[in-house]
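I have a structure I would like to understand better, so I am pasting it below and will then ask my questions one at a time.
Chain IDs A, B and C follow the sequence of writing; residue 1 opens each chain.
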Amino acid sequence: MTTKPRFALPALNALLGSAMIGTLVLAALAGLLWTPFDPLAIDILGKLQAPGAQHWLGTDEFGRDVMSRLMNAAFTTLSIAVLTVLAATLTGVCLGILSGYLGGVVDRAVMMITNTLLAFPGILLALGLLSVLGNSRYGIVLALGLAYCPSVVRIVRSTVRSLRESDYVEASRVMGHSEGFILLRHILPNCLAPLIVLATSMLGWVIISESALSFLGLGVPPPEPTWGNMLAASRDNLSDAAWLAIFPGLCISFALLGVNLLGDALRDLLDPRMQR
Amino acid sequence: MFLHLVRRIGSSIPTLILVSVLIFLLIRLVPGDPAQLLLGDLATEQSLARVRQQMGLDLSYPQQYLIWISQVLQGDFGHSIQTGQAIAPMIIQRFGVTLSIVLVAIVIASLIAIPIGMIAAWKQNSRLDVGLVTLATLLLSIPSFWMGLLLLLLFGLQLGWLPVVGYVSLREDFHTGLLYLIMPIITLVLVESGTLVRMMRSSTLEVLRLDYISHARAKGVGEAMVLARHAFPNAFGPTLTLMGIMLGNLLSGIAVVETVFTLPGLGRLLVDGIYARDYPVVQGCMLFIASLYIVVNIGIDAIHPLFDPRVKDA
Amino acid sequence: MKLLACIPLLLLCGLTSAGAAANDTITVAMNADIRSTQPGVNRDGNTDGVMMHIVEGLVGYREDGSVGPMLAQSYEVSDDGRTYTFHLRQGVRFHNGETMTAEHVVWSWNRWMDPDTQWRCVSDFDGSSDLQVTEVTAVDDHTVTMTLASPSALFLANMARPDCGAVAVIHPDSLDENGAWREPVGTGPYKLEQWNHNRSIILTRFADYTSREEPMDGYVGGKEPRIGTVRILVIPDPATVVAGLQAGNIDVAPISATDARALRNASGIKIDTADNGLRNGLLIQTNAPPLDDPRVRRAVALAIDTEQVALGSSEGMATPSNSNVPISSAWYGEVQRTGYEYDPQAARELLAEAGYNNEPIEIIANQRPKVPSYDVAIIAQSMMQAAGINARVNTMEWATQLDRYSSGRYQMMSFTYSARFDPALMFEQITGDKTQEPRKVWDDPRAQELIQALSLTEDTGQRQALVDELHTLMIEQTPLIFLFPGVSIAAYRDRVEGFAPWFGESPRLWNVSITQ
């Protein structure tokens, strides 16, 4: 069976994904400067208004404008996601290189920590750190960063290990290049492709985890809006005000879809196994 | 093989010990006093001291830990601070709820997703493939709790076909119990299918490119046979690993789905325990979940070679 | 909520098992299981509520929070205020058929005061606090005297406390041969039939119950077990309770304000409310700037529209009140009606006068479903902002908030005080020396003197004067801002007759009947 490689699909995915994420980022940034209403201003008399001319996406149980809150939440969620992925990747890369390159005791210690973290439900980790750090978005970044760091460690470690003994690294050593040079010149670039792919998927996982934590009441504390805590609050009025459950969820799914499309495109472009 | 398993189990013991210490410390680092929570705003210094003493919370941390861990080693997880009930039976009962949902959901999801993933790969880049992949990506982009809320809105509130909240044990009343499980299971099936379809598709694609498939085709083996006999066994490995990870994640992490549908599962027990600073409950749940995680991983690793010739050779 | 009604009736049958609509059975929903069957030992509000059907004490609380006789026919106090003589009612039977005598009262007392029992109220009677009972004697079969070290107006109030099990008079059969607790063998209108942990508590009618003559009043007065079986189902999820009410599988249930709004138009369901003994308000930490300035605190109080907060955070069911004494209490009078007049302009002026410089003020709140903490905080925040106060809500988990409460680490806090029946105890809850008890909100020597006097004075008129003075002083100093008492909201099927929510939070099922 011969199928012609069609590059249209990854390109389309990349375009669509970037457009979706771009839209959200724009909305989030715009939300910093301007929102239709004050996202925290309550209006008891105007509570639970269905979407309409004045409040495009309706109002919540305190009469707060849903659209303004969603815009504010976009910034919170996206900034948490980006910071978390950065934190997890940086820590993970360092640990992974240490562990893969040095091997021995260091490797075993790192793997032990990694396995322990993997056997640890993220909820408690998040709650513990949140309470210790005070319930702020940085607590969530740290907690989720710790939770996702092991996957980075694993990928980097296995790449490093497979490359350490490879012919061209050996060759490089023979040519008298220092270990640091080899690391920067040969090993890190090879980690880059899988890392970019992983980081993109991680962006999606973090968005889900952050909303899930907020949904359980363990995330960013209200009244500061996040998509997750808006969804959680919507449950009380599910039968009267379905829009409160629909719009925040749409935002989360929109963001995830954008990230997933972009991730697919990147994978197609970068993952050597997928290239033909 | 057997030796390997034993070694895996052995090597997980230090991890478990580390986990138990971490859990023990972490839950105590979180502000909030179980005795205070039990007594509320009526607490006085005397009553607080009395309750702390009753619960052994007045001892030093190392003492508390040693008492707890030695009880656990004897199979006794202690008693809940809030309700005074024994924890081991509580965990088992709650786990039953979670397990029944997760197992059924994963089996259904894989029965749907594996053939679909293979067909998509087989018809790579056709309209069908693009359609299926798009659908899978869409499903992947819907978090479980939102999916759950949407199903609730549709089937529970708009159509009124299914009960909105609550739970009836299957043992108590099978038919009614089943009705309460439908929506949580559909939620998980939908959410997990997306991931499984994509995984199965990409690993099938990889296998289909290998030489032996071309050989089989060249020998005139029918396409259906090629897929079923030659491609599937080798493409299933990564998907199996994914299912293992999924199983582990779900068994511990469906607290959100349990919250949406108010199911008395293990995740809820843990989250409620955390809220109530019910130290023994949190410790028991976490240790149970961590062990489960490790067991599932070892199990998956053990059957993995059956599906991946490369691992077998190595 | 019409949508919920679509759930087939069938669905809840599993929950209540067969025969829910039986003529002689009433099904009551409760949000959590009881802690134990030993009154006043391992207990919470639900436990007290159930136990009050099974056991009784010498005295108990009336509807308005005053103390009335229960197993005692009457009682008198000696002139020096130290000796209480209880004349027991005759012919009162325990659930095992035996007749109650003075010996049982003394035996029960000794059992409760035994440190091994771990009765939570030991410290309220053994002299740890001001009150010390030195001697309890059975004078004859029907007379018991209790002697105090010094006079106290709080003795009877403490004897009547539901969280102490009303100092239940129980039969020794309540214990097994080793002296361990078996089950409550009391004198109440219902007997404990069965306790299925985490699922249900079954009470049955005590056919030999002899009622007092007076009409039913709080936990005392006439009680008649009119229903053969009371089945209390443990259902943690409010939505399940709502569905069960609609399907007719649940007869009586305490519900939340949100659910009450949803059930308003449901057929066959009645909803009643009563102000209860809980008090919702905003606590203020008075020992740090800017809130150490009484003018700033007063400005906060004036910035808040009590009525709007009360109505807005209770679906319009609560009654606004700035008093520490709940509205339904006998001690709530003209003086307690006076509070803060909503006046944002005056608030601004006071702030300017005090030199308030837009310092941030954090209001801690929690999102437990049972209390309006979060709603109150959010609404108060926006009112304070409107008056130029830089208020910000910080939502915490309840456990963390409680930790802050008991250590006093907060600026403001949206909080709900649990019920106390006697005004001295109500004010004692909020008043004290912060260096000794950091959880206390109101650290004022004059207030402590008044409370001291209140707990020593027996005379009702003098006590009312003290309560009034405390109220006025509290409003003046504004160490905290009470906004409204809690509301007991109960939904019940229309086949239930004689049921009403009341000052106590737990449903009472005596004098309740089922009509068909």
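In the analysis below, contacts are C-beta pairs under 8 Å (C-beta built on N, C-alpha and C of every residue); 3 or more make two chains touch, one makes a residue touch a chain.
Heads up on the chains, UniProt names are B = Peptide ABC transporter.
This is a predicted model, so every value here is computed, not measured.
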{"item": "Chain pair, A-B or A-C, that carries the greater number of C-beta contacts", "value": "A-B"}
{"item": "Distance-to-centre winner among chains (Cα means, whole assembly as reference)", "value": "B"}
{"item": "Centre distance in Å when chain B (Peptide ABC transporter) and chain C are each reduced to the mean of their C-alpha atoms", "value": "41"}
{"item": "Rounded Å distance, chain A centre to chain B (Peptide ABC transporter) centre (Cα mean)", "value": "21"}
{"item": "CA centroid of chain A to CA centroid of chain C, Å", "value": "47"}
{"item": "Multi-chain contact residues (two or more partners), chain A", "value": "131, 239"}
{"item": "Touching two or more other chains - residues of chain C", "value": "3-4, 397, 400"}
{"item": "Interface hub residues of chain B (Peptide ABC transporter), defined as touching at least two other chains", "value": "30-32, 157"}
{"item": "Of chain B (Peptide ABC transporter), residues touching chain A in the complex", "value": "12, 14-16, 18-19, 22-23, 26-27, 29-32, 124-125, 130, 137-138, 140-143, 145-146, 149-150, 152-153, 157, 202, 206, 209, 217, 252-253, 255-256, 259-260, 270-271, 274, 282, 286, 289-290, 293-294"}
{"item": "Residues of chain A that touch chain B (Peptide ABC transporter) when the two form their complex", "value": "1, 3-6, 9, 112, 115-116, 118-125, 127-128, 131-132, 204, 208, 211-212, 215-216, 218, 231, 234-235, 238-239, 242, 245-246, 249, 252-254, 256-257, 260-261, 264, 273-274, 276"}
{"item": "Touching residues (chain side chain C, partner chain A) in the complex", "value": "1, 3-4, 258, 262, 308, 312, 367, 374-375, 378-379, 381-382, 393-397, 400"}
{"item": "Touching residues on chain A, where the partner in the complex is chain C", "value": "40-42, 44, 62, 131, 135, 217, 221-223, 236-237, 239-240"}
{"item": "Residues of chain B (Peptide ABC transporter) that touch chain C when the two form their complex", "value": "30-33, 36-37, 40-47, 50, 54, 83-85, 156-160, 163-166, 168, 172-173, 176-177, 179, 262, 275-277"}
